[in-house]
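After this come two complexes, each holding subunit A, first together with subunit B and then together with subunit C.
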Partner chain A sequence: MSSDYEYSDEDGDYYYDEDEDMMSTQEDGSAPSDDEMDMDAFGDDFKVPQRAARKAYEIEHESLPQSAVEKLMTSDVDHISGIFGADASTAALLLRHMNWNKERLIEKYMDNASVVSVAAGISRPSRTSLSPSAAGPERSQSTSSSARSGGLRRPTRQTPVPTPKPAPFVCPICFDDSQTAFSSLACEHTFCAGCWNAYITSKIREEGEHAIRCMAEGCALIAPDLFVRTALAEDTPTWERFNELLVRHFVASNPNLKYCPYPSCTYTVSCPSAALKSSLTTVVPSVMCGATASPPHKFCFGCPIESDHRPVICGVAKMWLKKCRDDSETANWIKSNTKECAKCQSTIEKNGGCNHMTCKKCKYEFCWVCMGPWSEHGTAWYSCNRYDEKAGIDARDAQSKSRASLERYLHYYNRWANHEQSAKLSVELYTKTEKKMEEMQITSDLTWIEVQFMKKAVDEVEKCRMTLKWTYAMAYYLEKGNEKELFEDNQRDLEKAVEDLSELLESPIDAEAISTLRQKVTDKTVYVSKRNEIMLDDTAKGFLEGRWSWNVSVEGFD
Partner chain B sequence: MASISTRRLHKELSEIRTEGCPCGITLLNADNYETWFFSIEVLGESLYQGEVFKLMFRFDASYPISSPAVQFVVDQNSQAPVHPHVYSNGHICASILGTEWSPVLSVSAVCVTLQSMLASCKVKERPVDNDRYVRTAPDNPKKTRFQYDDDTV
Partner chain C sequence: MDARLRRVNKEIADCKNDKSSNIKIDLVDSSPFHLKGSFPGPQDTPYEGGHFEVDIVIPEAYPFQPVKMKFITKVYHPNVSSASGAICLDILKDAWSPVLTLKSTLISLQSLLCSPEPNDPQDAEVAKHYTTSKRSFDETARYWTQIYAGGSGSRSKVETKEPSKDEVAIAGLEKAHVDQFEALGFERSKVIDVLRRLNYRGANVANISEDRIVEELLK
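And now, the complex of A and B:
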């Protein structure tokens, strides 16, 4: 057992209780033995490094390289082959057919082994298996036992040792009479080694298919792994691709697992506490795969957003991104290019002409500059100097009120976009900071190690900007009230701290004051990191306690 | 690869030349190993009595491991049959040309299957999504992923 599991038992913390609830509910649907298997199979090799304590905003997860997932698969296969007395290849085909659901497989197989074997592409439908199940118990007994003994006999036939056929045999696909090596699955549809190779390669390479059917028309038998291996002969890359496809299928079948979405990354993340959709209203499953990459492969276990969207939960993050995609440009354009008629609130774009406007809809005449009624402009035609007149001020007030929701959205959106932009500019800030660090080494007697505080500060700023960015998405949807106020207090404190530190980093270096600067930056970095933690921690706890309420309906909240 | 496909097509062609095509099917043109044309008609009682259609087969180097591209020719002289699985641009929605393709199938086997598909037709009508499909269809029907949802006709 890994240490994390142990202390989750002792800890009476709210979060862990939640965890265990989820595990127990999960056991209804999937294999309870899966969890044991997880730990037994590679408990020693893949110990989660012991941390002081997991924060409320962190989620327990484990990163598995492909080999570890393969081990999991093997242990499942061994389990099944032990129970059924079948060889590993057969057990693997059965499991794949049932999407790795061991309980269902065992149940179905015990019920009627031959039907399952046929459906999994292991054996051909025989007359006995097609006979109505209404037959007496003795009969059905014999059916299943014959299928089982068939399963035991099969390997000898399936072993893809090319059986030399009498000379006149010609492969019915290529009609190449110079071919000498032939093989077949249990169905004995025989083809030459070259055709098998071409066919299996194209299935794996072109179609990404792991269940490779016999080449004969209408034959549903599936090639066992050993057969594929032999047919591919020396083509190791294709064999590796085949194994990757198997792993992907296994991972896709298991809700506790997710493949790292980064291109060509082969790691898998196991995160049982976020496997259920309902858990996504209380936790943000930000996970990181074990690949050593820079930047590390961070992604969300619960949704397709390929970054860390803490502290806001998947449902709200998704809603916000959609809104931004749909509305932002439109909203910005409306704000900068249009005004509203002071009388009927129609949105008007002025695309030419003078300032004397006549609303197309209600025929109200007004001045585009001051928004006051045109009648008051008297003889000062076409040049408005009446900005401060009462009527104009009133009209503009009314206008801003009617645009409140637009303004509200843009308030959050602009801050969101601002932090995103700043995070994007971090590369630039990095190079600038690096230069400064070099400069410091020259002008002062600080060593390279000692100037690392600058880099640390930049890292922290970037991290916090990501948090801040998502807090604006969250705040936009939060219902007004004390909770929101507290949230925004935390947000403001963090933002202030981040901006202070950011400014400090950008300020020019005074050779004499380096030690004070160092002290200041270090202090501020610690403070910022503390504020960030408070922000994340409080929000995460809020989700667990059900403290947040929304001004729109959010998936999962009722 | 190319050698498998040419050897196989050569063999099929010589079989067609010596043994002839199945009833109702005639080889029109097979000058190369890339594109062949056949004429096809349904013999006996059917909704297509007296109608003759033209089939085009296109082979690539991966034939017979992957299926040939098969469609009805639509030009001044010939039309696609009006059939719930045949689009007006000649594309055919038949599982045998997609997921159910098997390398042991041959050109004449495909012809026979299509012939029986026409013969068993009960209502002469276009597929429901004909207009939408034809508007956006790729040149090569193999690029379309058909959903085979009806195996009665």
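And now, the complex of A and C:
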């Protein structure tokens, strides 16, 4: 098995490799796969071994469960507590105060430890103006005690502060004289255990706050973790929520990390190569968290617009969506959801299936995308992905110019929306395919495993339609030229392949021809997948090389 | 006994026993969690002589969450909404501490009347008035205190005034200004509305041309 991995270093060979793996699942399911990718489930039954070489359109990222993030936090805390000679709780409060920026913390702390300690809620501000002698690594603990003995008991404000416990101490919050357990932070503002518990619970549960201040008015001291833990006593769910809040704060402070945006998912994704805003002009950071969910939790590390908008970078994708929202709406709904038969003009709404249309009324066969006769599409000069700029002839006329620009936009928009529409119908397609797979098992002697090729093909079609969808957004903004020609060549090849495969999937099942169909579909799936790979790979490389130029100014480009 | 109930009961009792602070807390209905607080306007302020009532609602999580307070009495103050009585005060929000009591919060409200914070306003129009002309603001605040908070002083004088003057004074405007534009043939209420919106008060009068006002009035 291990030789398999070395072999797959080459892009091309690897590709077929994957497909073979898919066919013989049993062996590969037990293949020793890398730890990180262990949870990745491709479909329900296929374990595809980890890709040994990262493709240009893939981004290196790592999924971290909450425990791993906690480990990162602990190591930062240990580092700081080692340098400052402070205990872990203090170091954690300092780090949280500085939003986990270690360098800045060290710099500031070395500069003036007492100011940082006060700001972080570790010690109270001393009345006597800060004496430089007090500054030092040991300060956080020593001052809080020295401050206490140094006559700081007196309240700094007009606030009612508990007088030092007279014999039967009554908590100034609940006035319950039956309470026996009391505690306080370093400021010695003492309250009963019940009030602390209710207060901390309310802060964590209601306000989602991880920095819990002392209950006394105007006191800025923050409860260290150990204090919170003790105060919460048996309330483990709240303690867990507290830890989650800490993790969220840590993740939010670190540009390399992002919390998985899926509801109630606790995974974090680390993606250092997409941390900088500037890097988003060269990579499309589509990442996936480690949760074993179906569908897997895919999201874009750089933007919240769509989970996977490869091959287009975030800035362009955002621009395109904005344009679609501004320019389309109702008028375009009709334009994009219905079309008129080129022959008999009856209005047609496509609700599924491939792009080979046959008018119900007049039986005219045409391509849904370009509305041209279908007869052309079976041949080598498939060219329906390209915008035909014949409008350039009468471009002198200003009116026709603006019409041409709208037409140009609608050309891309229609193709974009078309693929989006197909994706929305995917649920339907899946149920249809499932039925077909059952039918195949009945009519032929194929086993369940052997008919999975259909599902795999549908998966591939869906995936490629997403790529295709976004290539139209990209093509709309690409500057005319050789690069764009090449881009559109790739686009055309992919689209043609996808349409062919789609049509194969739609074709009726003939008991005798099943084995031929299976062969065809399997081959086509491989081919389509290959084309998709080329499309993504070439575009991603183009971004890295700065090969693409735009016809508008794009965020991040000069 | 429920901790919240015990605490509120004690607070009400403490307030009753304390005669020196002049702060009163009364029940609104049978529930101890919906109360009405009241205090006299602080001395040497436009609110002096007034009696201010505050609606108090004790939330479920009290004292760990802040009480909800708003003025029942209409108050002309930058940090109090002149329409709803909503109060902008830090201790009623994020600076709340469980050791604060109803009494101490009401005292804070009282001191808020002494020291307005126009840079963090609840009522932008009032705050604008405060910053452009403190003197004119004081007059209006005093006038509101007389009318709404039962302020003593010139109460008899107030009653003898014609009702239209009240509107002008309530808006903190000069009668001469209103009369001037009313003479041009505009409705009095509209003139008051526009002048108030443009903050035609105190030193600001010089900054706003009459043409501008007429323009607004014609809209």
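Everything that follows uses one rule, which is that the second predicted complex is superposed on the first by the 393 of 558 C-alpha atoms of A that agree within 3 Å, B and C clash if a C-alpha of one lies under 4 Å from a C-alpha of the other, contacts with A are read in each partner's own complex, and residues count from 1 in each chain.
In this text, a contact is a pair of C-beta atoms (placed from the backbone, for glycine too) under 8 Å apart; a residue touches a chain by one contact, two chains touch by 3 or more.
This one's a predicted model, so the numbers in the text were calculated from it and none came from an experiment.
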(message) Both complexes share subunit A, so when I overlay them there, do subunit B and subunit C fit or clash?
(response) clash
(message) Applying the document's definition of touch, where does A:84 land relative to subunit B and subunit C: first, second, both, or neither?
(response) neither
(request) Applying the touch criterion given at the start, work out whether A:194 contacts subunit B, subunit C, both or neither, answering first, second, both or neither. (result) both
(request) Mind working out whether A:206 is in touch with subunit B, subunit C, both or neither, as first, second, both or neither? (result) both
(request) Examine A:174 and indicate which partner it touches, taking first as subunit B and second as subunit C; both and neither are also allowed. (result) both
(message) Quick check for you: in the superposed arrangement, does A:543 touch first (subunit B), second (subunit C), both or neither?
(response) neither
(message) Residues of subunit A that sit at the subunit B interface in one complex and at the subunit C interface in the other, please.
(response) 172-176, 189, 191, 194-195, 198-199, 202, 206, 215-219
(request) Please name which positions on subunit C make contact with subunit A in the complex. (result) 3, 6-7, 10, 61, 63-65, 91, 95, 97-101, 104
(request) Would you tell me which residues of subunit B are touching subunit A in their complex? (result) 1, 4, 7-8, 11, 62, 64-66, 100, 102-105, 109
(request) Under the touch definition given earlier, write down the residues of subunit A that touch subunit B in their complex. (result) 172-176, 189, 191, 194-195, 198-199, 202, 206, 215-219
(request) Name, in rising order, each residue of subunit A that touches subunit C in their complex. (result) 159-161, 172-176, 189, 191, 194-195, 198-199, 202-203, 206, 215-219
